[in-house]
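You will see two complexes here that share chain A, one where it goes with chain B and one where it goes with chain C.
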Partner chain A sequence: MLLEKLSNACGVSGREDEVREALRQELAPYVDEMWTDPLGNLIMRKGDGPVKVMLDAHMDEVGFCVGDITSEGYLKLKKIGGLDDRVLPGREVWVTQRRIPGVLGAKAWHLCSAEERRKAIPFKEMYVDLGCRSRAEVEALGVELGDPVYFATIFEHFSPRVVKGKAFDDRAGCAVLGGVLQGEAHPGITLYAAFTVQEEIGLRGARVAAYNLNPDLAISLEGTGCANVPGVDPKETITNMGEGPVISLMDAAGIPNLQVFNLLVEAAREAGIRYQFRRLTSGGTNAGRIALERAGIPACTVSVPCRYIHTNAALLNLDDLEGAVSLIHHFLRKVEKGEFRP
Partner chain B sequence: MSSLLLERLHRLAALWGPSGREYKVAAALEEMIRPYVDEVRTDAIGNLIAVKKGAPGGKRVMLTAHMDTPGALALEVSEEGLIQLAPVGDLKVHHLIGQRVVWGSGVVGVIQHEAVDESKDLAFRKLWCDIGARSREEALANVPLGDMCTLVGELQQMGADLITGPGLNNRAGCAVLLEVAEHLQGALHEVAFVFATQGAVGPRGVAPAAYGLQPDAAFVVEMTPSGGLPGGPKVAVRLGEGPALKLKDASFVAHWRLSELVRSVAEAEKIPLQTEINSDVDRTGARAVAAAGYGVPTAALDLPARYLGTAGEMVSLRDLMGAADLLMKLLQGSLAF
Partner chain C sequence: MDLASHLADLVAASSITGREEPLAQLLQSEWAPLVDESTVTPLGSYIGLKRGEGSAAALRSLPLPDKPGVLKHPHARPPGPPRVLAAAHIDSIGGMVTAIEPGGFLRFTTVGGVDRRLLMAQEVEVHGARVIPGLVGTKPPHATSPEDRSRLVPVEELYIDTGLPEDEVRKLVPLGAPVLPRFRFRKLQNGRYSSRYMDNRASAAALRVALEELRTLRHTADFYAVGSAGEEFGGMPGAVTATFAIQPDIAIAVDVTFAKHPGSEEDSFPLGEGPTIGVGPNCSPKLTRVLREIAEDLGMGYALEVLPGNSGTDAWGMQVVRGGVATGVLSIPLRYMHTPVETVDLADIRAAGRLLAHLVSRTDAALVEELSCY
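What follows is the complex of A and B.
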């Protein structure tokens, strides 16, 4: 399964090589051409129709890098992307792409004062314990400053349709995009699949890809927050797992182009695909940045709901992911019929 | 003063056009500017670009004002038919409570807030819009999720010079551009009037427009908060004392030589001009224009205003006319800087 392979691959922002290689291998049979741009975006072209459509999904995941190696042989980390300190202590991690095992340590509960126990442990007090006793032992493992650190999470099925893994933001989007490439061809479209870099640290790769490709329209494919879980008011769930792909109303980086947005909604309705809107406007996606490239590019975001996103273990429902693939195909058919009129 | 300025201001301020959904404003502006220009087009993200041709050897100049207003987006609807909101731009909770709004569908609503004991408990997510619907279904039939609302209300004149009402930011800037388009004599330079999208959430729309045009110089006309109010912004700019040349804000520093030219023309033509330095604002389109493509020498000419983002925004007609005059005089000169 593509999602499994992608979730198990490791790639924080700027270190997307493993993900890029997995995508190359899996998707080469389905595309006409592929190349990597100077920043590291992996671009695939399928078809050569008159309308240029860019589908974006970012390859990078949130994680850490080694910021310091202490003389006692512990690692101090720097965050890459947004991570909630409360979910970090005690997590198993992999250091470097070689997956050297470690654990995120912090002062133990029984050593904490009453006041400390009421608060989240500050990130700067956490460290990675590799079982080493000195800096020399760490260096002997080949660990250096700047090396990437990942959640040590292996993809698995919780049920036939619900899966667990790390980095569903945005390997879910990569899997949707891969699914689109593996599916029907759209002869009326030049489809550019842009697997982009460095989204989590400021929507960086996609703008370069959009500048180079200069498409007629673009859709960003994402994994997005989802909280239909205990203790959350049903009004506040952002999205609901199992209730279909998500069309964005607005986010911190952009307001969807009205024509693209309407066409997505029509495509879902006509094809009878269950869909939902993202009922939160904070958080930014690549679509907002793509929209501003060159002389302007109509864009919108379509997402897969992911519970516990940006943690070590996210959940998603494969029906939502497959629904997103189906939605994009129906959308592309409408574009082929000339229904996108900017 | 053009007899049309006030009329245009009334018409433009009354239009529904929140960020990203400016099409009604663009249509009205297209109709209003068409008689004065050679070519009008809309670009891929909704900017309206009207071009008045120049003489050979002239420069290519961009005049821009964003045409959107802030508003709120329909995020969810309760079983009772009340619409839950998310902000589009910088509207403040306490400015919205009790206000009337209009939705893109044309439906009118009233904004209210959950009962709270203290003002610190006010929050945008506790606001709702009541459109008089009796159920979720009835509300959604009138306001689909994703629709946006903006403040409504008549503009009113205060004395000879001041105008108050919602929607002036930045339709007043648009009215200044129309004034320039109408009265500009002598086609020395090619002038592109750009009515930009998504200024209230950005600057966003204006950057692609500037990239597409790559002008030799650009003038951005927006609004800036004026000072002299209790607890208000600590700035020197005052309402009614002329347009303000922005030298610096939190995201922009002026192109020095172009700004010197603006100042010297204002002085020579005896047009009152204020100097603006405000480190608390950062949404100016000027920063996006300046950095577009290979870079654009950009000057920001702001209209002083009170109470931005409320139903009672205030601007001075004298300031608007001063800005239009100054821009015309600049465009009628050699624009050497």
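What follows is the complex of A and C.
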């Protein structure tokens, strides 16, 4: 399964190599050409029809890099992207793409003062234990400052349709985009599949890809937050897992182009695809930044609901993911029919 | 070239953020023998072009015409030899006169990240019709309550006393006049110097070292030495617009970083042991590798500086200009950032300049191609 391969691949912002390689291998048979740019975006072109459509999914995930190696042989980390400190202690990590195993230790509960027990452990106090006894031992492993560090989470099925894995934000989007490329061709469209870098640190890869591609319209494909879980008011769940792909109304980076948004909703209705809106306006997606390139690019975001994103392990329902693929195909058919007017 | 005296000239020039003309003009005249041509951009950045061997590059042709909408493989670089841009921001923090009070006292506001803890009793110079010395006035301790003594006075309550009569002040000082800390260019021990504005004149001096070095080093790449305006304001306006115009294949931000001193533990680097080379998403991995190789080939010390996101330098803006640029970050360790006693080691400036020159010399079409291959 593409999602499994992508979720297990490692790629923090700026070090997306493994994800890029997996996408290249899996998708080469389905596209006409592919290339990379100075930032590392992987662009694939399928078809050469009159309407240029950019579909964006970012390859990078949140994680860490080695900030310092202590003389005792521990690693101090720096965060790459937004992470909740409270989910970190006690996690297993992989250091570098070579997956050198390590753990984020925490002082035993028994040794903590009453005050320490009430507080979240500050990130500054966390470190990775590789089992090394000195800095020299760490260096002998080939670990350098700046090397990436990942959550050591392996993809698995919790049920036939619900899967667990790391980095569903945005490997879910990458899997949707891969699924679109593997599916029917759209001869009326030049489809640019932009697997972009550095979304988590400021929507950076997609903007330069959009500048280069200069598409007529763009859709960002995302794994988005989801909280239909105990203790959350049903009005505040953002999205609900298992209730279909998500069309964005607004987020922190922008408001979707109305024509693209309407066309997506019509496509879902006509095809009988269950869909939902994203009921949260914070959090930014690439679409908002793509919209600002050159003279302006009509853009919207379509997402897959993922519980527990930006942690070590998230859950998603494959029905939502497949629904998103189907929604995009129906949307592209409408574009081919001339229903999108630039 | 005497590096120390050049650095002394650079810190002497007035160049607060948004008012960089005096320094940009100084660079135009001082660096003229080292570049083929130079210009000052509409935003106040200096650009000096040193052409590669056989290159016909010219500043007047910037920006190049946009390429037409190409259908296939639209990531194509403009024709001609490789272009390496190195940006050192030439603006600096300071103040601006906001009002003239009865008695000729000047109210002022800060420009950029001024450390307000250092303002009281600071000697300043006000750049009006002439350079006027002044003092940031304070109430005498005898008239200050014990509680007030531990309170930081907000900048709105501070004023500059020039000792001049009000009518003369009104004649000499227009509103908006730049306020700079007064300084001495101090030679400390071991090739270390202390002054205002080593952030970021140290890096401008490193560009100068690179230009000197390139007189004797062969290179086919065109080298654009940019003194960028506006960095301390945020948004990197000077570097971003210069990058848009130049469309470089490689863009290096040269800036200062924190040097170790008592009380600084994490994220600081030794003085005098070479520049830092940035590593992280703002730094092209292959370019970073090339910079490290060059430093090692030259037998030059360096430290890796881990930058997990925004590097806080011009490189953050330059990386995402147009279709994206391979960027790198080179920094000179500096103690006491944003104080009037910023301290650097000339050896680090020389090393950064040499590293830059050798990068220009090593840049060819194959390297440029390689930087886009992931």
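To be clear about the criterion, the second predicted complex is superposed on the first by the 341 of 342 C-alpha atoms of A that agree within 3 Å, B and C clash if a C-alpha of one lies under 4 Å from a C-alpha of the other, contacts with A are read in each partner's own complex, and residues count from 1 in each chain.
Simple rule for what comes next: a contact is a pair of C-beta atoms (placed from the backbone, for glycine too) under 8 Å apart; a residue touches a chain by one contact, two chains touch by 3 or more.
This one's a predicted model, so the numbers in the text were calculated from it and none came from an experiment.
Student: Taking chain A as the common reference, can chain B and chain C both be placed on it without clashing, or not? Answer clash or fit.
Tutor: fit
Student: Who does A:L111 touch here: chain B (first), chain C (second), both, or neither?
Tutor: neither
Student: Write the angle, vertex at the C-alpha centre of chain A, between the C-alpha centres of chain B and chain C, to the nearest 10 degrees.
Tutor: 60
Student: Which of the two, chain B or chain C, is in touch with more residues of chain A?
Tutor: C
Student: Have a look at where A:R279 lands relative to chain B and chain C in the superposition and call it first, second, both or neither.
Tutor: In the superposition, A:R279 contacts chain B only.
Student: Which holds for A:P38: it touches chain B only (first), chain C only (second), both, or neither?
Tutor: In the superposition, A:P38 contacts chain C only.
Student: When the two structures are overlaid on chain A, which partner does A:K235 contact: first (chain B), second (chain C), both, or neither?
Tutor: Touch status of A:K235: first partner only.
Student: Just to confirm the value: shortest Cα separation between chain B and chain C in the superposed three-chain model, in whole Å.
Tutor: 5
Student: Residues of chain C touching chain A in their complex?
Tutor: Of all residues in chain C, those touching chain A are 69, 71-75, 249, 266-267, 279-285, 304, 306, 308-310, 319-320, 322-326, 371-374.
Student: Okay, in this complex, where on chain B does chain A touch?
Tutor: Contacts found on chain B: 19-21, 23, 43-45, 47, 73, 75-76, 78, 84, 86-88, 145-146, 198, 201, 204-205, 207-209, 211-212.
Student: Help me check something: in the complex, which residues belonging to chain A touch chain B?
Tutor: Within the complex, chain A touches chain B at residues 235, 249-250, 254-258, 261, 277, 279-281, 288, 291-298, 342.
Student: In their complex, what parts of chain A are in touch with chain C?
Tutor: Touch residues, chain A against chain C: 12-17, 20, 33, 35-43, 45, 48, 52, 64-68, 76, 78-81, 144-146, 190, 197-198, 201-202, 204-205, 207-209, 211-214.
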